[in-house]
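Have a look at these structures, which come just after this line.
Two complexes come next, and they have one chain in common, chain A, joined by chain B in the first and chain C in the second.
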Partner chain A sequence: MNLQVLQQTALGVLILCSIWICCDALYEDQVGVWDWHQQYIGKVKHAVFQTQGSGRKRVIVGTEEDAIASLNLRTGEVYWRRVLGEGDSVNALDIINGKYVISLSKDGSNVRAWHLPDGALVWESLLLPSMGSVASLLVLPVDINNDRMNDMLIFSGSMLYALSCHDGGIIWKADLQALREDLVIKKVSLSSDGTLFGVGFSDVSGLVIVEIDLRFGHIRKINPVGISKALDTKELMLVNGVAVALDAAFTTVVTALIKTGGDVKIVETLLSDLVSAEVKSAQILSTTLEGAVAFQVNGKVVVVKVDSATGQLDVLEVFESSVVLSNSLNVVESKHATAIVEPTEDGGSIGKFSLRVVYANSWSVDAAKDSVSLESHRGLIRKVFLNAYLRTDRSYGFRALVVGEDDSLSLLQQGEVVWTREDGLASIIDTWTSELPLERDRHPVSEVEHDLADWLRGHWLKLKATLFLASAEELAAVQALRLHSSDKTKMARDHNGFRKLLIVLTKAGKVIALHTGDGRIVWSVLLPSLRAESGISKVPLKLMPWQVPHQHALDENPVVLVVGRSKGISDSTGILSWVDVYKGKELRSSKLNFPVKLMIPLPFTDTSEQRLHLFIDDKQKAHVFPATEESLSLFLKHKANVVYHIVDKEKGTIVGYTIKNMVDGITEGETDGHVFHTEPIWSVIFPSETEVISTVVTRRPDEAVHTQSKILGSRDVLYKYLNKNMIFVATVTPKAAQHIGSATPEEAGLVAYLIDTVTGRVLHRVSHPFMQGPVHAVFNENWVVYHYFNLKMYRYEMSVIEIYDQNRMGDKGVLQLMLGRHNASSPVSSYSIPSIEVKTQTYFFTFSVKAMTVTSTARGITGKHILVGTVNDQVLALDKRFFDPRRTVSPSQAEREEGIIPLTDAIPIFPQSYITHVHQVEGLRGILTVPARLESTSLVFTYGLDLFFTRTAPSRTYDSLTEDFSYALLLITIVALIIGIVVTWILSERKELGEKWK
Partner chain B sequence: MERSSARGASGGRKWAVELCDSAPSSSIRDVPDPLGYSRTSLELEESAPGKAKKEIDANFKQAKAWETAQAPFKNLFMIGFMMWMAGLGLGLWKLNSLGLLPTHASDWVSTLAPPTNVEFSGGGVPLS
Partner chain C sequence: MGLRHVCKLTVFCAIVLAASAISAPKAASSYVVEGRVKVEGTTTKLPLSKTANIKVVLNGGEQLTFIRPDGYFAFQGVTAGTHLLEVVAMGYYFSPVRVDVSARLHGQVRAIAVETRRTLPDALVLEPLREEFYYERREPFSVVGLLKSPMGLMVGFMLVAVFLLPKLMDSIDPEEMKRVQEEMRNQPAPSFSNLLQGRST
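So, the complex of A and B:
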């Protein structure tokens, strides 16, 4: 018994000791020294101002990234931010009583109230979801249930709820579908006499007007209005008791005058008469204007006044399609203002706009007019929200919140940009890092002197701090020096390779370069070739390095290639755009003749160091870029050894193709490249009734591997199977492909495959019954670590597979190796028969995972950490040594010396191993690791709604002194020692002389 | 044995006959004194008594003391020399037992660069 306890204690101590080495926590004063964190909210789609009252002025915004945030109106800073879950997108926002923010989300099924000052959730109400229609929120000017707080109305589709603003309780609900199945309510309005009207469509046959009792929710009357024409049921506007709709043929505007009591007067107006032109396309814009409706006709925006007494329509103004109108804002009782933003004569390309504010009753007179210039990389203005304030002279001034084409948010006031938020960074699609330019010119002497003085001062302060002699102010100065050292933000390459440019591509088609030192934006460009053109929008897809100069690093700049796609109905051809990484300019662009299905960077570069790329189109033709003679001859040389594969998740197949001859009769050039036929050579077909492809991962193409062998404690050697042409595929049973809980343990199962992508050979297959996805995996060197859910144990699990080569140099003795008589480093073909040995092990893991990757270092000597983006939006670093299939419960002496950690059932999580420390990367989507030049260090960039950058040293910084190493102390010690030596030498000389004279 | 080596050391010869018998002191030490003959007593008697005698005594004592004092060092030097001679083998054995000698295959493969692949393969899930 005692012995067992002793053993356990010993084991505990051993584990602790081994763990001690791998925990590298951060000290409090190191926070922010080499890491930075930025918060974004995403593209704004709803905004409500809170400028009344004595409190701080703020604007509440709801975004496309499912975030609700309160921003400081003066600076644009985030007061608070709440990110709703995935799929919980915001439908509407409002402020009640200057106290609560009400948000409606997930198609009208979630209603929440947030405390305005701090964003605390006050109440939450879950309503029955109503399928597929736009949900709206209407704050009523009346109190229905006498709780001294005005109440609100939520409606989506056929469901109508009256909710108490006090606690979110349902006062009444009305299911209109129970009355008429095809009824869809589009708008609700409260007439001046207190009657609630719901206006919607009943199928396409006509308008339906529903009269509802406000206090109890009884449906007083359903009034279907027959209309001779079929209606377009996409949009319906309600203007002062007049419903406005379009007919399905886009020829007629139908207006219906609603009155209490039931009689409805229909007025039909021909659209062509209104605009006095032939109508090709038309739609109602969802902008709510006081007494008017905005249409888009033939690509132009037409604002039409609606006469509430007669239903007559009257064109107020016609704009170009680039105009943006704000919703009407009630400034004072009868004055409703609307903002109109238009690019000035010379277009939006240089970012000049005119901002006009007009009152609804006097549309032709501008209440305010400013000309604003935004930076050119903001593109056009996409949305505008208007806010009014009372000037000192009792007149009204206006401020406008505008959303740019690049998803940025700016506040305009009196023709000036008050602040801008680069919120496009919340939706990063792809990232890459580039080296900074080499330091070319020497600094002038004065600068050096200045630097030297600063340097000395800094070290003197540091020294004082080390010796505990510094005062509080000096300590603060030391910390400030560390946080804002000019060294870290320089625009030149550093010796350790910590300074780099992070090139990111956002959803809006903008390329932004961030400095790794402090995260500032070095340049940004809205790619002209990816901007919407004649109504066809374009989507950016990928960012890849095109040219990375090494030999000509001094006189050539790196270039990135951005690949996009047209998003037309029939047109989905690819777009290529080349961007200079140092200048931030689009060098050239090309509209391809084919849609890009796959793009494969090849491992060859031409003499100008441009990387060859293979683009695969939808007809399985391979296009080689750049389209030069040189690249063609280079490609032809290697063609026989190039293979590619396509994973079809829907069909459950993986097919490998080989490149055949060139296609005749296609003119080669920038739009086609060199075109080749391809031919399928292998395929892996998964049985569709039992397996669905969940995850496919490959090794990084730029991964550095230091050694091919693993030396054990017993001095035996295991040879890693380092085949680059290998993929890891995880399949799950079709039922287990959905969310957890959709399948019983018996129905669920996961199969992991290792497949050689040159031959299609399945190298290894392991089946995990009772497991289900989602599967996250990382493939590095000769190992795969993957994460999934165990339905039987109801816990997450992580497994590791390590692959070793068995027939590699098996019989080679020491002598042969000494004499170099081996073929250990000679190239290996996938067609030779491999003989691999696979070791696996599985552990429990606490968290679900959002992203997974592994640290990467310059030469691959340093140990590895697996970086896990947890469900809490943090990044957890797990030592690879915990994922070692050779772990046993009680390792032998030799194994312990080797550093094998005793086996435990779960992967331990230490609070110190969170590399994001206090920060959260909201909406974490991806983690990018980049090697620094210093072998011990790996740079980590995490992105989601927020951005976080840090560096990590998995085996600690064994190759450099720490940042706070006191060089001054070292210098002073050396000088003191030298002085000591000289003094003692003189003294001894004197003494010796004295002795001799005696 | 001891004597012959001493003799060898002094003259570098195996044997010698001294024909002239003039100087008694030179060869006297090499041969044992005749029975009943005590050289020391004779020498003591011959040398002047008193002060001189005392000096010799002190000198002798000092020499002896030095000898005693130096003895351990001499010993140490000897051991050191011995160890140096034996050291090579011993060291090798020791290094080997510590695993510092590159006598295993594992010592030679860790620096070998990983093999490259003849073929290149790329691809994956098509862009949506």
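So, the complex of A and C:
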């Protein structure tokens, strides 16, 4: 087709559509009325303070979520934040000249300088460090290239770079690999006479000391130090020109005194002598202390003083493993302070800690000592960063930034918590929503009266605003009323179902309940059963509704089940924890004796409304929970109908299983729960040379379908094929399984399957040559929409598949319907041979996609929007009508009547259909949609580093008045009409009387 | 650039792409793709600090970088072949760019905006396709707008019916009126049975 004609039609359609379908767009003054946006940064791993000078005091942090942020030290607010790309994790962070923030990331290959006040990128330098080694950053106290700015040194593996802090230019680089193959530089120090020492390991000779000329990067001397013992090459510390390392057998501490002449003196100290106990395990901690080294020996933390003249070691203090030490902070010339945080006697569980600050030269005397109490749900303290300030009496005070076990960040000063950030919310694993409790107590009368007065005043102001009579202050008052209406933040169920509790599970094993009205934290609990225990950390996996009481059960609270696993080397058994959703308390927990491979909520509940769950272990045995007699009898009743499938992406198989007989508890050693044998009944095997499973999508179990049929403009009926046991599987060729650019069009291909999970029958298969992943898909009712990349056109595409049931096409007669001989309401069976009709269509789409979902409403009557999390970290709402395979370039009159949009080659993107409007949900990972009780409305919760909540009405709010509906105007109109009627009546009476007198 | 800076109506961004091979022996086939996004003033209300968060994404998230204040950005370790570049900037709609890095020409780069299918010239100037306004604009209060609304039209029709129709009646000749009324009386009213039989008189 002529391109120009197509473009013109596209433009025409665009204009048309913008008139028809500017769905649900937001006005600027509606921002924040029902949506909220929260910014987080993630678990902090690096922190640098900027408290000198007259500027605002701030702290620069680098996090596990690859974010660099500048925080206000007084309030904890984010000044600016930059989220780096995937795999671009922050290795080191520093501030130079109070002007630039330097970040080192991606294993030392990216060095970036950010402008301290606003976070603009000043320069970026790309290095080629040795792969696989830890990269470090050292800001030098000298200016190498005379640009009036101190320079820095970056080293990783065998590469050393001197970089100009002014523009990131490489002053010199030294590749030590040419000199010694397997050299890994661990630490670099600058001696007082300007010589640079690099100390590292080499497999051949153990310790290697390299002397480098600072100005030009020439290697003056390379000095392998022969040591009789093999060394542990994990960590090495450099303390005042003394290198400290451990031997591989963890028995001896090796100290090497480096002198400028090139001599090295080796002192060996037995570790067992130091701690006067047998040593089972030992390692050097990476905390840098002035004149000392911290070891972890037998689970205890030992701080050892290093004598720089003789290399002798002295134990300064021995701590329990729960202690946290900060790096040494140079307060004044010779004073180096270290913060020590320990839980008090019975601490940890109740959140009481002691914070001590000591100077390196007088370790036994506390420079400051405070006891701090954190909320108990913060757990232990994992990291501490120390900062000093000058008090008015010229003495030094200290503040400490601490990272809690729940990934939160708090600032402590003088024994008080100044602020706390709940940054665990940046790493949400799973979410669920719960209804709020019913409102039990009626409000007292006085409150109602107060509300009434407020209500009237609010509407009066609103009326003035609509009639453009309101002053600026009144407008502000109206806006404030809308934003802070107590109606949306109440802790009780509302009629429309907008108020709910968002239950989220974070990476740290914390469960947090957020109120959908304003996003505040209602309660939070750090699950005791998911906390690390004797060195074994635990990983939370999933959140599942366990018990959802029906609407009128007032005394029952909903319960959520958290599934986790322990992260031992051999042991990865499952952990279950039950949490009360209203109280925010862990009710009970249970350690399973098997690893959980698959969790299946079954569609049955017992008499106490606990949902039955099936856990599949690694030996393909099925465990039924709750482990009660009642649930067993219930399960046995439905056993024959339970079929599940397991997707193995590595092997490229999907296997369906059925439940067999019960495992005999005594003979086979299974004791807890009801355990059943399973048996594979079908399998789909994809050829591994040509197909790799990319995406598997199922329908939502709680999806509401309003109608089974679709009535066309021509009065014909199409019956939807609504099979709950259907999955959508997309496979790609192995070469196309990586990112874009790795495969040529000829090597790439994508195949989409629709598979019945009861019988394993492939209902439909469609092949897309030249296409590649990543594939994002959404499966709803009888349609699938999926997103992938077209390598031929080099654009993203979205395809839709709609499935219709042909078996039912025949019976359309009115008589049959009247006589009840139709099968429109008979259930779909997987065992009957389906005769389905599949309609497909494909469109171009502009953006990369991070997440995709569909709106869901209470009864499924309302139209659907497909919510797409784009590469811009925004959420775009696309009307399902754009993904209708029956679209044609010029629809007939009947089709137009039906609401079919003329076909275009690309999906149009209207800026007003971004439901996140001006906000970005940085690091977007998932979108959750929940139906409100009001049919037209769906609640949308988007999470990534940020959280965003809003509600959306895909077909506008047809079932309620809009929020800005003016009741006052209605009242005034009615009153005016009544007055008008009365007046005209009186007038007409008078006139009639006058006529009669004539 | 201060806030009081007179914002130009056109926002133009230039992506200048050039590539050079890295002289490392082990990564001989990887190149550096350098480009430039130049933003000169905006008409949007977004604060200036927002431009600091403009990112450039390679291959749908394989690599990500930020633009410098002068608009430059660079990707390291890009293999020869075809790649996809996307600009992430709030308030602007950018077309993704297809970038061909040639191994034969030592990493020379050819770029095509995929949305417009326009090959970008050597000194590439890429304009964002449009600025984006995320909010619906409230129509200012106007009498014409009020009249055009369904309610306004109804009120208008009612006014016409109440005030103009009687005037119309007045203008009809009374004799004529009488005649018409007479005629109507003579005509029998259409009965239900007639209608049912489909007859008309």
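Following the convention adopted for this analysis, the second predicted complex is superposed on the first by the 941 of 998 C-alpha atoms of A that agree within 3 Å, B and C clash if a C-alpha of one lies under 4 Å from a C-alpha of the other, contacts with A are read in each partner's own complex, and residues count from 1 in each chain.
The rule we apply is simple: a residue touches a chain if its C-beta (ideal position, glycine included) is under 8 Å from a C-beta of that chain, and two chains touch if they have at least 3 such contacts.
Remember, predicted model here, so these are calculated numbers, not experimental data.
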Touched partner set for A:M793, first chain B, second chain C, both or neither: second
Which superposed partner A:K221 touches (first chain B, second chain C, both, neither): neither
Partner chain in contact with A:K229 - chain B first, chain C second, else both or neither: neither
Partner chain in contact with A:S848 - chain B first, chain C second, else both or neither: second
Which superposed partner A:K57 touches (first chain B, second chain C, both, neither): neither
First (chain B), second (chain C), both or neither touched by A:L121: second
Contact set on chain A toward chain C in their complex: 22, 25-29, 31, 80, 82, 84-86, 88, 109, 112, 115, 118-124, 126, 128, 467-468, 739-742, 744, 774, 789, 791, 793-796, 846-848, 850, 871-874, 909, 911-912, 914, 917-918, 920
Interface residues, chain A side, partner chain B - complex: 541-542, 565, 596-603, 614, 616, 638, 641-649, 656, 696, 698, 701, 705, 707-709, 711-712, 715-717, 719-720, 722-725, 727, 757-758, 809, 812-814, 817-818, 822, 824-831
Interface residues, chain B side, partner chain A - complex: 99, 102-127
Residues on chain C engaged by chain A in the complex (per definition of touch): 22, 24, 27, 32, 46, 49, 52-53, 57-69, 73-74, 76, 79, 81-84, 86, 88-90, 93, 95-96, 98, 112, 114-115, 132-138, 141
